[in-house]
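You will see two complexes here that share chain A, one where it goes with chain B and one where it goes with chain C.
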Partner chain A sequence: MMSSFSIEIFLAVVGVLLIALDAFATELNRKVVPWAAIGATGLALILMLTRSADIPAWITPFYATDSLAVFYKVFALVTTLIVLIIALEGDFITAYFSSSEGVKTRIGEFYALPLIVCAGMMWMASAKDLVALFVPLELVTVSFYVLVAFTRRSAMSLEAGVKYLILGALSTGVLVFGIAWVYGATGSLSFEGIAAAASKPTTNAMALMLGAALLLAGLGFKVGAAPFQIWIPDVYQGAPTPVTAFLSVGSKAAGFVVLTRAVQAFTGDGSQIATQVGNALLSAAALTILLGSLPAIFQTNVKRLMAYSSISHAGFMVLALACGATGTVAFYMGTYLPATLLGFLLLVVLRTQGVGDELKDLAGLSKRSPLLAFALAVAFASMAGLPLTAGFMGKLLVFMAAISKAHYGVVALAVVGAAAGFYYYFRPILTAYSPVEGESTKLQVSPVARVTIAVLIVGVVAVGVYPKLLQSVLK
Partner chain B sequence: MPSVLFYLFAAITLLFGVGVVVARNPVASALSLVCSFTGLAALFISLDAYFIGTLQILVYAGAVMVLFLFIIMLLDIKAAEGRQTNYATAVGGLLLAVLFTVQIAMVLGDFKEGNKTLADQTLNLGAAASKTSLNTIKDELAEGTLPDAKLMGFTLFDKYPFQLQVVGLLLLAGTVGVVVLSKRDRGGKEEVS
Partner chain C sequence: MTSYNAASVVLLLPLLSAFFILVLGRTVGTTVSKMISVGSAALCFVVSVATLGVTNDSGVLVSFLNVGKLHADIGFIIDQQSRGMLFIVTFIGLLVHVYSLGYMKEDKAQSRYFGSLSMFMFSMTGIVLADNFAMMFMFWELVGLSSYLLIGHWFEKPEACEASKKAFLTNRIGDFGFMIGILTLWAASNGELGFAQLRESLSGGSVSGPLHSAPAWVLTVAAIGIFMGAVGKSAQAPLHVWLPDAMEGPTPVSALIHAATMVAAGVYMLVRVSFVIAASETAMHLIAGVGGFTALFAALMAVQQNDIKRILAYSTLSQLGYMVMAVGLQAGEAGMFHLYTHAFFKALLFLGSGAVIYACHHEQDIWKMGGLSKKTPITFLTFVIGTAALMGIPGLSGFFSKEEILGAAYHDCGWLFTAAAFTALLTSFYMSRCVIVAFFGKARSENADHAHEAPLIMTAPLMLLSIFAIASGYGFFSDRLQAMVPHAEHGEGHYLVMGVSIAAVVIGAGLAFFLYNGKDKDPLNIKLFANRFYIDEIYAVIVKVFQDRLAWIVSGLESIFADGLVARLPAAIACRVGKTARAIQSGHLQGYTFALGAGLILAIYLVVQVLPKH
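Then we have the complex of A and B:
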């Protein structure tokens, strides 16, 4: 029985030790570090599910252990575990593109850094205070700068790394400026104190509003909400695919949990700026859904398509947040995880077999590997929101939340976005099942990948058929 | 601080800040940044924030900028000559900066707390002294001086000791990243995928 706080420290320590192990034990089989990382994450997940509730008293001022925090902590662990498996699956591609030593390059850092990122994301899930929000957020972001540019022999990866670094640093500047204004206006760094000050008439609403706007802009960048989504397609396409998966699920979820807490603080009972923050979120949601869905129609690269899709999903989650439905945001995130990770796992498996990530490369997939084609169909159907898949329940709950608050205009736009989704998500499926002329080689899928694919498919279908499974976790 | 000095240092900060962007020679850019930081440090000190003012000089104008200059020297970056100025971007950026300044000016016009200085603030340091637990801070507060470095250290180590260590982890991740990304490649041509 360990507390969640000890589990996070355990993960960070294992991450540091693995970096040292990779650096000093150069004779060691290069698969030891990946497996150790996967083992540590799996162990942490088990420890997390059987954790003890009591935490040291000295961390309580900045550390929350409510159901939201626990949900996002488990979420971060599951994401990291699957991302590490995806990374191991595509190991030789990452190694090949990271130095001229080719596939024999030792890339232990590529597996150790995600553990540190995971600890950071778990600390973010517990943030009760702007300092406790900012420091782990930066830990996660700085580690991602490294991971995105990791395959440095690929020009696209370097380009993605530079873009992410510059825009990420800018967004951090905006975020810190916002924190300074919020502190100046409310005299408090804790979300509780900010919420209390926001409802007091003596607090200067203008200054608080400016601070809130800057803070939301900084966090909007992290979750990829419009108009701060411009970096996403290039970075997602250029980054190594496992890192793209980690960015689009882990980093986004961690961004959403802190965004949820900040919005809760700004729109608490009697807050002076609740309406303005709500309206800003609503317009951001509408814009994000449109700017994600419409360009996605014209994409011919599956990775880029999934980047635009992740923008559109972020729009739906911001919409739920604008309606105050924080549980729905978490639920949507939970439905987004299996489908998106499944999609990226397939891309990596295909890549290891020499199949590229252009849409046309998928042609005839159903003949070459029925399992992969079926998994692709499940992943994209769930992202589109087909009934009986997890994605359907997520979208349904968002629409219900928006309708209950009578935001019909935004709902109409979201329906347009979801409808466009049916077009662009079904194109890869149709391509995969289209008949092709001539002989084609069968594709090999490793046992680890098979098991992971099966688990993710079961996850998508189980939540789609019986959503209470996920909802009960959120209670 | 007399307002003449405020305007002097504000002008130094702003003019050299513009210099950073406008200068074609990277060394001139970096040195402009040093001057801009120095002006900023003077402004901090004028607000009685001695500790931050000192840090601004020591860390930013000192360590960070020396590092910048070293990198410019090592990479042997030449002045960006013949580069066309993209006027659309320049105008757009300028417009954005003006809009943001106007917005902040409007907010500040309404923000009465912003007009106060520490001199207007009735700081009852003697009463504050009875609240803190650290002896040295207590003594100085009782004497009526504000030990801002010690208070900041107290907040940092008493309230956020854990976050301070996470910053250590962050720096480690950053260092590892620098090593990974700048490791010398043994032969072989750069490939473009």
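Then we have the complex of A and C:
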């Protein structure tokens, strides 16, 4: 029995050891590091599910172990595990694009870094304090700078890396600036203290509001909420696909957990700035859904389409957050995970078979591999929110939360976004299932990928049919 | 065996069988599918025989839907009515399954056929066991679906396709009324759907229920609505048009679904909820009138049909009319008694006609048959027994049940009695015509000349059913099979009714003999009857004049409002906005950085200045 804190230390240590192993061991099979990383994550997941509740006393002021924290910790582990599998599927592509011409390099960091990212995301889930929020957030972000630009022989990956670095640094600056203003206004760094100060009439509301605005903007950048979503399409498209999957699920979830905690602190009982923060979130939600959904209508590249899709999903989660429904945010995240990871896994599997990520490349997929076509249909149907898939329940809960708070205007815009989603999510499905002329070769799917695909499909359908499955985990 | 177990088994087995054949039918092959389907039918039969001995009971199997005031359970009632009906359904169902093994031997899609049969058995037992309207309605639709699938079994024949569509659509009209009826009752009783609860609510009982105090017109609307469901399913005028066309399906299906069981479901359901109908005088008159009219009307059409299955189909319409009339005359037990005897002899006649068709290489026109009595003796003999029972020859099952209905009509309404008696005469006439033309004289076509007897797997069910056709009217049988038999004392006029009934048989048969014996073509030529009173043509005109115009208008409105204003306009706006928003994604880092800064200023401005404080 290990405490969750020890598990995080364990992951970080294993990550560092694997990097060292990769760098210094002379004779090493290329598959050792990936499998070691997968094994360590799997072990951490098992340890997490059987963890002990005790954590060191000195850390309790910074470290929460409530149900929200536990949910996002498990979430981070599951995501990392699947992302590592996706990375392993696309291993030779990453290797090809990250080494110099004609030189065989090992790419162990590509598998070791996610472990460190995972530890960071798990710490973020427990953050009770702005410093405890900021440090792991930077750990995650800096690791991602490396991962996004990892395939350095690909110009797109490099460009994405540079864009992410510069815009990310900018947003970090904004975030730190916001933290400083909040500390100045409330005299406290812990969320509890901030919430208490926000409800005191002696606190300078204007200073607090400015701090809150900067802080929310910085976190909004991380989750991809408008008007700070602008980096997402380019970076998501350019990054190696496993990293894109990691960014869009793991990084987003970690961003949402700290956003949830910050918003809870700003909108606690009697807070002077609760209404302003709520309204700002509502406006951001409406804008995010529209700016995610409508440009997606014209996308012909599936990877870029999924980038826009992730913006639109972030909009729905911000909407739930604006309605104070933190459980719904977590639930939505839980429905978002299997569908999105399934989508990116498919892209990687297709890429290894020489199928590109343009929409037209999917034509005739149902003939070439019925399994992949079906998985694609399930993933996109869930993202669109088709009934009996997980995505439907997620959207349903968000709409219910918004309607219960009588935000009808935003609901109307969200309906427009969801309706547009049905258009652009079903185009890949339609393409995959439309008949094509001529002969086509069958696609090979590795056993590991098969099992992962099957598990994710079952996840999507199971939550869609019996949502209590996920709801009970949240309690 | 407890009633709970029995009910679960007869519901679940056919469902599992249908599901298995649907999913794995192609993998495991035809033989296994057939064995599973027939096996499940046989087991259901055994269980329903065992059920004959259990005491009355009711309960809930699955709580299906619980939303607000709407409670829909899958439950069951085991009482005399459902036990008797369950026996009929599973017994004839089993015989038809066995018979189909022979009749469908050459068919290419036997898995699908037997899967649909199992599906039908599941749906039909659901209707029989239903203890509430929600369940009744669900299974009501399911039998409609299985009937649709089976009528259209040979979907490559355009007539079969058309017929299945027609059956489905015509039933929609009836079911729409049924739904109105159910919803009216549900609303008026403050959210009750169970039969027992509704009866309680209506009777007032210890506490005066909401239905008890409902205004009379509400109950009339409910009763007529429910009756509309029966009009559709039991093919009463004016929705009778689908049943004759349904004969395009395989003959065993006609015997099971379109003669013995499903079409009788309307009568069964009306008797089940007779307490609702009894609450409305108007509805009762309407029901008796429609029933009597259908009986006579269908019999007239039967007189001039030449297709052996269509003759039987019109005869079924006419007999169903009798049963519905009995329900309207508040003689539900007489109706159920006739349902019970009719199920056996009509199934016998249909299976017999199947054997004839099989013998004559799929020839269905009686004028192209002839002389079959010598070539197919077993079929001939059993067909004659069925005919005699249907005509109501004294001593056979049909005689007893028909007389009960005639008696009920005699006591209640002179007009209906006259119509019913004349119908009996016509029944005797057209059935004698059918037998004389098809089985006697000389063979009038090559197919009839080369006719051969059907195999034992087909004739065995015929012989078994013959026994029931002869004897099921006697107490020895009907008591054991828990049939509902009217036990009222026969009042005055009993002998008159009996006399009229016997006279009708004799006159009808005599006329037929006089007219048709030794004839090669029909001496009668009544266009109006042969063309079924031009009802189908009239409907076609109505559809053309009204529905097509309406559709034209609606389509015009749709293209302006739904398509234009609701769909295309917002789509165009969305595309416009999307294009604009896409332009922001220029790919230039400087532009992005600028946008980020601008967004930040906007955010601060919004939070600090513009948004209202409270």
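Keep this in mind: the second predicted complex is superposed on the first by the 471 of 475 C-alpha atoms of A that agree within 3 Å, B and C clash if a C-alpha of one lies under 4 Å from a C-alpha of the other, contacts with A are read in each partner's own complex, and residues count from 1 in each chain.
Criterion: a residue touches a chain if its C-beta (ideal position, glycine included) is under 8 Å from a C-beta of that chain, and two chains touch if they have at least 3 such contacts.
What you see is a predicted model, and the numbers here were worked out from it, not measured in a lab.
Asker: Once the shared chain is lined up, is A:Val131 touching chain B (first), chain C (second), both, or neither of them?
Answerer: A:Val131: touches chain B, not chain C.
Asker: Taking the superposition as given, does A:Ala12 touch the first partner, chain B, the second, chain C, both, or neither?
Answerer: So A:Ala12 only meets chain B here.
Asker: Looking at the overlay, does A:Ser283 come into contact with chain B only (first), chain C only (second), both, or neither?
Answerer: In the superposition, A:Ser283 contacts chain C only.
Asker: If you stack the two complexes on chain A, which partner ends up touching A:Pro227: first (chain B), second (chain C), both, or neither?
Answerer: The answer is second: A:Pro227 touches chain C but not chain B.
Asker: What is the contact status of A:Met206 with respect to chain B (first) and chain C (second): first, second, both, or neither?
Answerer: So A:Met206 meets both chain B and chain C here.
Asker: Quick one: classify A:Leu350 as touching chain B (first), chain C (second), both or neither.
Answerer: Touch status of A:Leu350: no partner.
Asker: Could you list which residues of chain A make contact with chain B in one structure and with chain C in the other?
Answerer: The answer is residues 206, 209-210 of chain A.
Asker: Residue numbers of chain A touching chain C in their complex, please.
Answerer: Against chain C, the touching part of chain A is residues 162-163, 166-167, 170-171, 174, 206, 209-210, 212-214, 216-217, 220-221, 226-228, 230-231, 233-234, 275-277, 279-280, 283-284, 290-291, 293-298, 416, 420.
Asker: Mind pulling up the chain B residues that touch chain A in the complex?
Answerer: Against chain A, chain B makes touches at 103-104, 106-107, 110-113, 159-160, 162-163, 166-167, 169-170, 172-174, 176-177, 180-181, 183, 185-193.
Asker: Please name which positions on chain C make contact with chain A in the complex.
Answerer: Spelled out, the residues of chain C in touch with chain A are 570, 574-575, 577-579, 581-582, 584-585, 587, 589, 592-593, 595-596, 598-600, 602-604, 606-608, 611-614.
Asker: Chain B touches which residues of chain A in the complex?
Answerer: It comes out as residues 12, 16, 19, 59, 61-62, 97-101, 109, 113, 116, 119-120, 123, 131-132, 135-136, 138-139, 142-143, 145-146, 149-150, 152-156, 161, 184-185, 204, 206-207, 209-210.
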